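Please read the structure below before turning to the comments.
As written, the chain order gives the labels A, B, C and D, with residue 1 at the start of each chain.
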Amino acid sequence: MEKIPVAILGASGTVGQRLVSILYKHPWFEPVALCASERSVGKPYAEAVKWKLQTPIPLAAANKTVQSCLPVQEAVLAFSALDADVAYDIEESWAKSGKLVVSNTKCHRMRSNIPLIIPELNASHLSLISKQAYPAGGAIVTNPNCSTIGLAMALKPLHDAFGIKAASVVTMQAASGAGYPGVSFMDLLDNVIPYIPGEEEKLESEPKKILGQLAEDGASIKFADFAMSAACHRVPVMNGHLEAVSVLLEKKANKEEIIEAWLAMDADTDGLKLPSSPRRPLAYDDKPERPQPRYDRMAGNGMTVSIGRLRPCAILGWKFELLSHNTLRGGAGGTVLLAELCVAKGLLSARVPAKSAELMLI
Amino acid sequence: MEKIPVAILGASGTVGQRLVSILYKHPWFEPVALCASERSVGKPYAEAVKWKLQTPIPLAAANKTVQSCLPVQEAVLAFSALDADVAYDIEESWAKSGKLVVSNTKCHRMRSNIPLIIPELNASHLSLISKQAYPAGGAIVTNPNCSTIGLAMALKPLHDAFGIKAASVVTMQAASGAGYPGVSFMDLLDNVIPYIPGEEEKLESEPKKILGQLAEDGASIKFADFAMSAACHRVPVMNGHLEAVSVLLEKKANKEEIIEAWLAMDADTDGLKLPSSPRRPLAYDDKPERPQPRYDRMAGNGMTVSIGRLRPCAILGWKFELLSHNTLRGGAGGTVLLAELCVAKGLLSARVPAKSAELMLI
Amino acid sequence: MEKIPVAILGASGTVGQRLVSILYKHPWFEPVALCASERSVGKPYAEAVKWKLQTPIPLAAANKTVQSCLPVQEAVLAFSALDADVAYDIEESWAKSGKLVVSNTKCHRMRSNIPLIIPELNASHLSLISKQAYPAGGAIVTNPNCSTIGLAMALKPLHDAFGIKAASVVTMQAASGAGYPGVSFMDLLDNVIPYIPGEEEKLESEPKKILGQLAEDGASIKFADFAMSAACHRVPVMNGHLEAVSVLLEKKANKEEIIEAWLAMDADTDGLKLPSSPRRPLAYDDKPERPQPRYDRMAGNGMTVSIGRLRPCAILGWKFELLSHNTLRGGAGGTVLLAELCVAKGLLSARVPAKSAELMLI
Amino acid sequence: MEKIPVAILGASGTVGQRLVSILYKHPWFEPVALCASERSVGKPYAEAVKWKLQTPIPLAAANKTVQSCLPVQEAVLAFSALDADVAYDIEESWAKSGKLVVSNTKCHRMRSNIPLIIPELNASHLSLISKQAYPAGGAIVTNPNCSTIGLAMALKPLHDAFGIKAASVVTMQAASGAGYPGVSFMDLLDNVIPYIPGEEEKLESEPKKILGQLAEDGASIKFADFAMSAACHRVPVMNGHLEAVSVLLEKKANKEEIIEAWLAMDADTDGLKLPSSPRRPLAYDDKPERPQPRYDRMAGNGMTVSIGRLRPCAILGWKFELLSHNTLRGGAGGTVLLAELCVAKGLLSARVPAKSAELMLI
């Protein structure tokens, strides 16, 4: 079967490396261009990158020459893991060239005609693309912030079943979320940093868009209406964002009902057989000391959100802990799953070889 | 001047070591007995202890023979840093022998006739002693849990000025809080543990007693009436508990008023010239990334609580971060300050050499 | 095909957990007994163990009732990961019951009639068993210390090709080598401990036995005759022992020849198709900053020793760095590989079902 | 008394911050210029610097405007903590302006007419200045590499007493040695890096110059003649370089004699009353698990080198462990001590106010 030719923008960064690692063995996609900043252009990828994963660089990537971030003819889809300060224009230029851009960067997320998607939660929001003015096939879809994803995934089933009136979250975020080199060892050893620039703002706004309601015409989102408060911390952990959450529900619910809402969640990806879908988007562990970053971050190949410690909160009613892998579910893995969703929903149908499309939709 | 002869119960533990380190150079107190479990009795202290401080063992302590925890005639005051499972009876036996017990352990804290004191906040609660049935001079006073202290100190000025209706706290607590050996390296490297047995219960109850109102007759406390929710985590930090706090105030207050309430706090220790009093019980740092454990835990020799990041909370109104040193302010330092308060308030007056008492009260 | 029924002694410890994890999916072996100390006997394994691996407990193990360490009739082979202080007698009792004991503990290693084996290096030493006085089928074979294995594997090809006159090693060993709970977090954060009781002695003696020469009658070993000096350190790393080695060779060799000796090593396991054999026992990486514990410990599923930085030493001639996984190659993995070797060499032939034996030897 | 006006070059770096911290409370020196790169020039120091010490910025420094690195008229001495890539020319320009440059950077250290000094060891080497061609008062003197200092201090008494024929060292160096931001948290958590560019070369050459013999005319050094081999590692430690050393002595010596040589060391600073001199340059601790970075780095205010674990080495004869604080003794503290030595030796006599000079020489 022919695979879909794709480009990876920002291929040498932390999330970019994860994308390379995932996409070179992906059953649907085939990387045809590794794009990065001028500093890397012209070098073999293995030389341009400071590879930080514990699995080796895929052989085919290692020798590939890094390209600039200009749109590449043969790619029909671009995965973007670009730095936020350059992403806006580059992603637009690809969309204007008729490419589907699946982006992990923040810059387009909150625009009204840009879908901000967690595939299991709000696949229907993809219809916002109809309001984008890019030429045939061109579009931008976005993946939320790494700390938003775990939270939104835990809140959505509660919102659907009981209604959420308020949610308070205190995050303990891993160092890899700051990219590489990111945080200095001297800043984080034996320490916690109670501030991540811009992070609380994202965490207080993105979930409301994701949990928002699509208008009947599919062309706009009515944001979810609940109070949201976030306090973000960087902790001395490599991977895995831990979040302490309190929620105020509209309807009364007991512990069993809440856990049941999580475990029985209807996912928009059900039945689509997307290669990156975990068996269970949410898992609940009853042991009091879980979830923990080192033990739970790889649940579902890093795509499952682990929840635990559901207990009464004297202020908002319920509190719990959640953990999600910030560069897999919260980064590269989530982005690839979103691209898979786009394919399954036919967004590339005009542009991919018929056989691939068939394969996918079976 | 003669010093007051004191005993240290649980002298070989983490807090006990801090007590030894502080009391051997204290201007008022003189350790006459280092008491520990049977395993250590009869050994020189230097041999019985696994010394974990970066300053060396005081020479006079090093060679002192460790005693059992039976009451010692010559000591008039006992500092207790005993393990909770043995502390109840041992502390009682000292009080019954007419000694003043100043305890850092949890077991007596919530009893109705036991003062639970942070010297700057509720010195008047010492009057509860009148309801204790111990013989002349005998009494038990207690120091709160290490995670309670920082929180209660930050809440008290707000409660006095504006009234607190609810407070939510998420803690990121240092490893030393679990004692030694405490947490295994294998459990905490590259990890956060979202559970500390019994800790949330303490944090949800102790502040209400400390901020409670003394009855007119001085013989009982009416607990403060606000909702309190805590979520406790162990993080890979040596010393210094960081807490993310949200509060709902009864009266409206703006940012300047709240900071002013902290900085202008009236402390019950003002004017008492207690040797362990920090110049400022509370400090506020405006830099967005503070307080941090490694940089702020030693503020005021580990006795000042550092606050920062006061900002609006979409749910409760205001949120901020605080940091306090868990084995100094939250352990040995707080316990010594409490003993100093007891002395200054005359609790030992009948039992200490006249000259010492004079010295202290000047 | 029928599998060989085995017992795991010390199943709840750090190496024991790795054994459980490996053996429950092993193609040749089938655990029929999980044995541990009295504290655990009678409990389901999942309850008796503080599971520390990031993969979950095998389901079949989780519900299995833990037994005492008395010999179990149905098991023909016992893997021992017992604590050194109880291992001697228990292992003997199994051997006396006619079982083959494959042990990871130190207590029998240096006895003259006990094989101390790294399967790739000195499989022939198994013949020492002929001098053991246990009843039919009973025998003890041993796996070296975790820090010995990487060193011996790097030295053997050099010894064969050029002769070793002296080897000096400074180790930087991972925390998991001390078992669980092992090292306190308070001892190892922001620290290195330049002492591991008994470790330097093992490292200075075991390699000489492993690299020793079997007498013609197969009944004794002439230890290798070279000077050996070790300095051992515990570093804040979870898994993977790093060792800085200098060697003095008898014959002159250049850099290429030495690397070639490593990469072209003749392994005694070649052709045996042992399930746990890595594709390459030794790997050499030319990048100056390798090997590193976090990046190289899982090479060859944790069974490959990674070498790097070969360069001249002004004193001994050559120096290099090596890394091996201390609980896989240096613990459970090495022990399982040794058991596989024993099977392939026919040590169990009289005792296993014919079909299994056939399978193995094909 | 008037103090000596000094400049600090590279004031905002890791060692520069330590210099600022020490010099603003120094009894002899008074900083009149804080010099840094163009990026910082014109800003208040508190704004230009990312302050990484746990003590606060000295108030007088905080508000001082950062200057360029051009020579400053009023300063008679410049402390240099510049980056190696710019230090050569800037230091020369100060020397050419008649200033005494006391440098912590590597670039001039190995030049034949530049003293490379550890004040206790080779103060006489200052006479090399006579071969420098700078105008009156101008000169450059240098402080060794942070990993060299501890080693040279431990070797010198052995060299004097017994003669050294060979010394092998394996270092475990702290992260702060790489400056700030230096090593990424992602590179050093749960890891050791077996390579520090250029470090082994420094460690194999500098000790031979420091332990070298001054020619009769005081104008050249005959390097010490022994074999030296180094292997350098970066470990997850904040401060304190630990080194595992083996030595081959010319004369036979037993354990007591070696320890005695260390403890009874004749220091060239004896009797000079230099403010930064520790009470003891070397300390020996007999406990088997010492020295350790976290417990021993602050010995003698970070100026004492801690030695331990002296024991036989089967190859070279003796081995031991040493620890020194890399940014105090090995950086700012050592540099200040060297400047004090220069003052005491009269190198500034023509240029400092008479009264200061008197003070110093008393």
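Keep this in mind: a contact is a pair of C-beta atoms (placed from the backbone, for glycine too) under 8 Å apart; a residue touches a chain by one contact, two chains touch by 3 or more.
Computed from a predicted structure; not experimentally measured.
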Of all other chains, the one whose Cα centre sits farthest from chain A: D
More contacts between chains, B-C or A-B: A-B
Intercentroid distance (Cα basis), chain C paired with chain B, Å: 49
Distance from chain C to chain A - Cα centre to Cα centre, in angstrom: 42
Gap in Å, rounded to a whole number, between the CA centres of chain B and chain A: 44
Shared interface positions of chain B, touching two or more other chains: 189-190, 236, 238, 294-295
Interfacial residue positions of chain A with respect to chain B in the complex: 166, 168, 170, 172, 189-195, 197, 204, 227-229, 231, 233, 235-238, 242, 244, 246, 248, 288-295, 308-309, 313-316, 319, 321
Residues of chain B touching chain D in the complex: 54, 189-190, 294-295, 298
Touching residues (chain side chain A, partner chain D) in the complex: 52, 175-176, 180-190, 236, 238
